[in-house]
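What follows is a set of structures for review.
The two complexes that follow have chain A in common; it is paired with chain B in the first and with chain C in the second.
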Partner chain A sequence: MNIARKRQMRNVGILTLLLVLIAPLIPYAISAVSGSSVQGNEYQTQVKHPGGDLWREVRQRDTDVIGRTQVKGVDTGILINKSGEDWRQYRMEMLAPYGAYLMGAILGLIVLFYLVRGTLRIPGGFSGKKILRFTLNERMVHWFTVVIFWLLGVTGLILLYGRMVLIPLLGLEGFSITASASKEVHNLIGPLFLVAMLALIITFIKDNFYASGDLKWLFKAGGMLGGHVSAGRFNAGEKVWYWLASFLGLALCVTGLILDFAILGQSREIMALSHVIHTIAAIVMIAVSFGHIYLGTAGMEGSLSSMSTGYVDENWAKAHHDRWYEEMQATTTKDSKQEAVAGGVAATGKASPISDN
Partner chain B sequence: MFAQFVDGIFWDFAVIVFIVGVIWRLASILRAGIKADLATPRASGFAGSVRTNISRFFPHKEVTPRIRILVIAGYMFHLGLFILLVFAAPHIRFIEQHILGFGWTPMPYWAFILVAEIAFAGLLLLLLYRLTHPVTRLISTADDYIATILTFVVMLTGCMALLESFSGLRVFHLFTVELFMIYFPFSSLMHAFTFVFSRSYTGSKLARQGVDA
Partner chain C sequence: MASMKFYCDAERCIECNGCVTACKNENEVPWGVNRRRVVTIKDGEPGERSLSVACMHCSDAPCAAVCPVDCFYITDDGVVLHDKDICIGCGYCFYACPFGAPQFPSSAAFGSRGKMDKCTFCAGGPEENFSSEEKLKYGSNRLAEGKLPLCAEMCATKALLAGDADIVSDIYRKRIINRGASVMNWGVAYENAGLRVSQGKAGKASSTD
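The block that comes next holds the complex of A and B.
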């Protein structure tokens, strides 16, 4: 592929990413340009709500009192659910700040690591020989999950942190429009994440079970602290990320469906609990994904091509996945012998996973 | 001001560009004509064109395993978009108020959501196929990406405006639709109309030569 073509592909990728990231904020711009903001509060007068004292008394009771009503439904006999306030406080005082600390800390560590170690180069540089690491289907499943994950991630973060971060920037109306848009996108796209997660789990499960040498890889931090550590198609770090993403992703899906389909008869307590689990799982997954993204791009030379073109350099494979490289070499040698006996690629119907480019 | 612009003059402009542009493109194809085939036809060209128009909806079984995902995603997106365009309640209301003066029964809300998700997933898969398949990526042009991303943005803003609680979101969705309509006649999006012409030509020409296309 020539340089101009690569540059064009990169620009399209950046444009797509920017559109996805910026889209939830665009409604604010529309609001600002259309000038439809509410102009001040000069005509509003402060009138005390006649039932304010009554509702305050109800809210301040220690337990929920279940009354009787003709309306049939979950919690319809409760005037004010006390646990709702507990959940709100937990969300605002624990989930949101500690979630931000976690994501910030991971980002900070990554930046620090990059400043200390820089990009991990391929020992011996690029050889020019390439090996097929991920098939078309594997790459499509990966990127499908990535796009859905970040659409949900960005809109979810807007919903969690919007009040604190965006109201000072966008104003009340700008934020309410952005939050409404984000909520709709989040709720609509959410169920697709279940499809993406199941496809991801099924596609990559085969090579993600424990293998001998994985513990050694973990103890040596994958060779980042020095020395070479042997690994198969996926190293122990990638396996940990796979299982973490699988369990957190499924937790996100289950709790997300409970929150998304509030018509299924679940109580407020179940909804609140689901929300807490949903938020914790999302924050941990987003935080760990920063590391995954770093190692797949700026952190490790030659990694990105495995998910863009599907191929990696032979020296990269030898350095980071030597056992897998040997398996691929053995497969290629076996196929070549079969082709020689049976009459070439046409006879076996398989293309070589190793190519000279 | 922006809302008035989008609802008013820009909508009129987009409609005119769309209609005139599509007619101009189709007329230019028809005016190009076809070189007279003087050979004695082995079979009816008209029957061949009709047959090819229908048969091209189904991939040949020889290539099906290799393009299965493309076929499935293609149907998910195109059928989904068509159903959303014609049977979604907000669209029917818009068509009734601004275009035809009458409407029809919309699909239920749950079906609307389901179809929107299917169409969205289909479009995303098609875009990813274009980006990840080595051959498709090589033959893709900037126009292909612009058309796909524009369609993606139109659908995304449609998602944003789903609740219909803010006028600004509806205006923004309409604005992206208008950009889409203006870009449509000058791009590969024209395949929505030209596929009939290309299939008819191929089917007719090959049928006259005795080939089952």
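The block that comes next holds the complex of A and C.
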């Protein structure tokens, strides 16, 4: 009993001591809770920075503030363009390095694939019998697009990577001439790319719609993993390339025209955004085109002639586009009967699908 | 080594466009090119302020960073200049610049951009000082004559300051201190302002700077 009472007394003592120690802090606690500062001192009054609102507007912090100016021109009423720094970051820290990585990676994969698999030979070798794969019109549209695509692609890459790669080789003046020529070629040839893209899209759209068996082709990676996959005139890989090129190409055309015709009064923000879309589409299209070029040349025996002479070997057709081959065989018999009546090869560029040359 | 800067005092600028005219006349810039412009915010509303803006000669200049042909250089005075013989007129500096400083005379086909032109801080260009090529391409070189840019020199209200960053900021700091002194008594310059009590400068809008 006595011990318990003593302990109670001691606890009360400690509590009292704590209260005495805390007491001087109470006014501070009250002022902290009520939020009012100590009054009566004019040196410590809270003052808003007088220029705060103005500079927030100048800096375009909250809303786009467009002022009035006597100088006529694009965006002259804007004191600070907030999109500029974003665009700089994009071009210097994302586009240039990651664009190079992407193109380098695709090239590396192609070289690796070539080293492992080599040129994919025609099973059974050349038969000597040829089938018309691309008409003269189709080939012309293709090569027209190729020439314009690479004129634009190379000049565009010069403008993007020239400062890093070519200035050390050519010097400032030498590169300036190169870059100036690149810019002029890019700007003057650019609008023709729209013509080429539209011609390409219209010419090849017929056989590029989804057909049954395309998914199977994609899952088997076009037979790259082994085994045979059947395909029509265009396999699923070619169809993916067609649609990718169509959409990226049209995006390139639209954004390119916005960038090319700088006199139409479009704002810097629109142009910077167009440049972002333009460059992403261009880099992806260039990177994927490496694969397309590889399969059309060194990667696959017998495929180049389809775009040069227009003819492919019968065995090539059987191996890579068996369903198309069968269709062609079916129509050929009809055609040859018609041609026998008409008296030989028509001069319209529609050569006889089968030839012995 | 000096670091040349512009500063426009929004409390003093009266939108007279004298700086724009002075610049055009001194540098004889091409038609359609304005190296300097005055922008008025909240025109005709309470809180209206005007600012004169041109190339601000950034220490980390975005134009120089994005230029595909590397035509920019920074002088010992911290002035950002460019070489028109190298410039290809691509317009990238115009996208990147926060202040809309780069200007392009439209000259070539499709109205495409000619070589970029911008404020040189009246410091000419890479050509030989006071040469006719320099005058033709870049305008005057007042800095080499020991003078400051004409826009700031001509400014009637001394709103536009140009010169070494230390001196410009020192002048501006003194102005701010004296403004704080005056508005406590008169309350004309700032809404809800009141930086500190008057130090015997009641009624004086500014110091003599």
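By our rule, the second predicted complex is superposed on the first by the 270 of 357 C-alpha atoms of A that agree within 3 Å, B and C clash if a C-alpha of one lies under 4 Å from a C-alpha of the other, contacts with A are read in each partner's own complex, and residues count from 1 in each chain.
Criterion: a residue touches a chain if its C-beta (ideal position, glycine included) is under 8 Å from a C-beta of that chain, and two chains touch if they have at least 3 such contacts.
Worth saying up front: this structure is predicted, and the values here are computed from it rather than measured.
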Which of chain B and chain C A:Ser176 touches, first, second, both or neither: both
Touching partner for A:Thr76 - first (chain B), second (chain C), both, neither: second
Which of chain B and chain C A:Met271 touches, first, second, both or neither: second
Contacts of A:Thr309 with chain B and chain C, given as first, second, both or neither: first
Chain B versus chain C as contact partner of A:Val147, first or second or both or neither: first
Superposed model, chain A: greater residue contact from chain B or chain C: C
Which of chain B and chain C A:Asn137 touches, first, second, both or neither: first
Touched partner set for A:Ala330, first chain B, second chain C, both or neither: neither
Partner chain(s) touched by A:Leu192 [first = chain B, second = chain C, both, neither]: first
Chain B and chain C footprints on chain A, overlapping residues: 176, 180, 183-184, 188
Footprint of chain C on chain A - complex, ascending: 42-43, 45, 47-48, 50-51, 53-54, 57-58, 65, 67-71, 73, 75-85, 87-88, 91-92, 159-160, 162-163, 167, 172-173, 175-176, 179-180, 183-184, 187-188, 260-263, 268, 271-272, 275
Chain A contact footprint on chain C (complex, rising order): 10, 17, 20, 32, 34, 37-43, 47, 49, 51, 53, 62, 65-71, 83, 85-92, 94-100, 104, 106, 108-113, 179, 189-197
Contact set on chain A toward chain B in their complex: 1, 5, 8-9, 12-13, 15-16, 19, 23-24, 26-27, 30-31, 33-36, 136-137, 139-140, 143-144, 147-148, 176-177, 180-185, 188-189, 191-192, 195, 308-310
Contact footprint of chain A on chain B as seen in their complex: 1-3, 69, 113, 116-117, 120-121, 124-125, 127-129, 131-134, 137-138, 142, 145, 149, 152-153, 156-157, 159-163, 165-169, 171-172, 175
